[in-house]
Amino acid sequence: MTAQSAEFSIPIRVYIEDTDAGGIVYYVNYLKYFERARTEYMRSFGYDKAALPAEGVMFVVSKASLHYRSPARLDEALEVTARVAEVGGATMTFVQTIERGGECLVTGEVVIALVNRETGRPQRLPKALRAKMGV
Amino acid sequence: MTAQSAEFSIPIRVYIEDTDAGGIVYYVNYLKYFERARTEYMRSFGYDKAALPAEGVMFVVSKASLHYRSPARLDEALEVTARVAEVGGATMTFVQTIERGGECLVTGEVVIALVNRETGRPQRLPKALRAKMGV
Amino acid sequence: MTAQSAEFSIPIRVYIEDTDAGGIVYYVNYLKYFERARTEYMRSFGYDKAALPAEGVMFVVSKASLHYRSPARLDEALEVTARVAEVGGATMTFVQTIERGGECLVTGEVVIALVNRETGRPQRLPKALRAKMGV
Amino acid sequence: MTAQSAEFSIPIRVYIEDTDAGGIVYYVNYLKYFERARTEYMRSFGYDKAALPAEGVMFVVSKASLHYRSPARLDEALEVTARVAEVGGATMTFVQTIERGGECLVTGEVVIALVNRETGRPQRLPKALRAKMGV
């Protein structure tokens, strides 16, 4: 029931909207970068409604953890990676990084769950999605 | 059909989330401050679903303009004002300011329209709302 | 002293971070999209520190106005344009749009000023910048 | 060298800026709520420059983890708590929650480090701060 994907990555440019008065990227925003990479990863195999895939269900983040090693700054070009580390019945666990020129700035793990939009109850991941992801 | 309200205001504290690498409040965020003041203004007369008042309709911003005079900075205590300057059949025009210790930092005008959530078509402002606003 | 640039544009993908509970792009975020386009426009002629170009000075937004015609939604692919409509001694006025498949969703005008970071006083636009922009 | 603080809490109102197209609070924004509570906790004992306490140093988040149990929604009134669970030479570990009417929606742990603004190297927490926090 567990499977790993190859690593997927996208480039991200740091804009002023992403920074804070400390002169660095506001740490909260790395979670947005992570999500953009996961979304593009899903889109890469034809799954283009990554957050709200169908009527009545949605993907939600159930756990997230980040380890900040070194800050990114305005105008820098970053690489954001996403790799599926584990797949359960209703969840996917992503291991992700933020890199700059090969240096790892931030690492994180994000657990995504498919839930019923009204009740919040977990829903089994669609077979079509699992097939596309090869897990 | 036009009416003005008294001025309403709320205090806002500047957090690091609101700032940018220039060391000042990121100018985009004043629109969020403006909206918090409009929302609390609506709540002040019992209208506690300011953005999504009922099934099928929603308030949207149809025009916004801002004039930035002087920047606010981290940890400052601001005052955000909201005043209804004009009311039309489906719209309300707010005149708003951001102030710090009596000094006006930002002025703005925001036009809000009530629309159908599916079609985007303008909807007449509910009489109950107009009555509560006294306009 | 006035000059116009050709229109510049970048593609933008709408992520969940950009949306709100109305199911559409949160109207405030179009200002971020506008800024990304201005920043890439500056970068396109070699000006890669668009917000904080040098020690002691910074570009700030002094006026912004937006007209919202139709909402963008999650996962849509947008085009964001930027065109310099006017250049003054210390300011540049951009006319900008958000488009989706040729349909114009949002129009806006943003006035940028170069200021001293400490005093906030206007600074003359560097000749090198004006030369690069051809204005 | 380890000490715990009493629990501190602040009220937070959910605005449209905090939500996403799933109709719930965008999960990333709980980190902002957490930070507002930490900032007000620091301010409560006279430490009013929580993020950038002095020239040359700043507090940064070095680790953060969140567990999302149930979503908050537009217009809800939440309670955000902050408690110092551990204090090291250069770090403070906060345990935090988001609650709604006594129900716990989100729990999290955030490790803050005091660092040199230029080098990023850890700095010992000032004695004055530790004395004020009673740790």
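All chains are identified by letter, namely A, B, C and D, in their written order; residue positions are counted from 1 within each chain.
FYI, a contact is a pair of C-beta atoms (placed from the backbone, for glycine too) under 8 Å apart; a residue touches a chain by one contact, two chains touch by 3 or more.
Computed from a predicted structure; not experimentally measured.
Peer 1: Please identify each chain that touches subunit A as well as subunit B.
Peer 2: Touches both subunit A and subunit B: C, D.
Peer 1: Give the label of the chain whose average Cα location is farthest from that of subunit D.
Peer 2: Farthest chain from subunit D, going by C-alpha centroids: C.
Peer 1: Indicate the whole-number Å distance between the mean C-alpha point of subunit B and the mean C-alpha point of subunit C.
Peer 2: A distance of 23 Å separates the two centres.
Peer 1: Between subunit A and subunit C, what is the separation of their C-alpha centroids in Å?
Peer 2: Chain centroid spacing, subunit A to subunit C, equals 28 Å.
Peer 1: Among the residues of subunit B, which ones contact at least 2 other chains?
Peer 2: 16-17, 20-24, 28, 32, 35, 51-52, 74
Peer 1: So in the complex, the part of subunit D that touches subunit B is made up of which residues?
Peer 2: Per the touch definition, subunit D meets subunit B at residues 15-17, 32, 35-36, 39, 48-52, 74-75.
Peer 1: Subunit D touches which residues of subunit C in the complex?
Peer 2: Listed in rising order, the residues are 16-17, 19-24, 26, 28, 73-74.
Peer 1: Provide the residue numbers of subunit C that touch subunit B in the complex, in ascending order.
Peer 2: 20-24, 27-29, 31-32, 35, 51-52, 58, 60-68, 70-71, 117, 120
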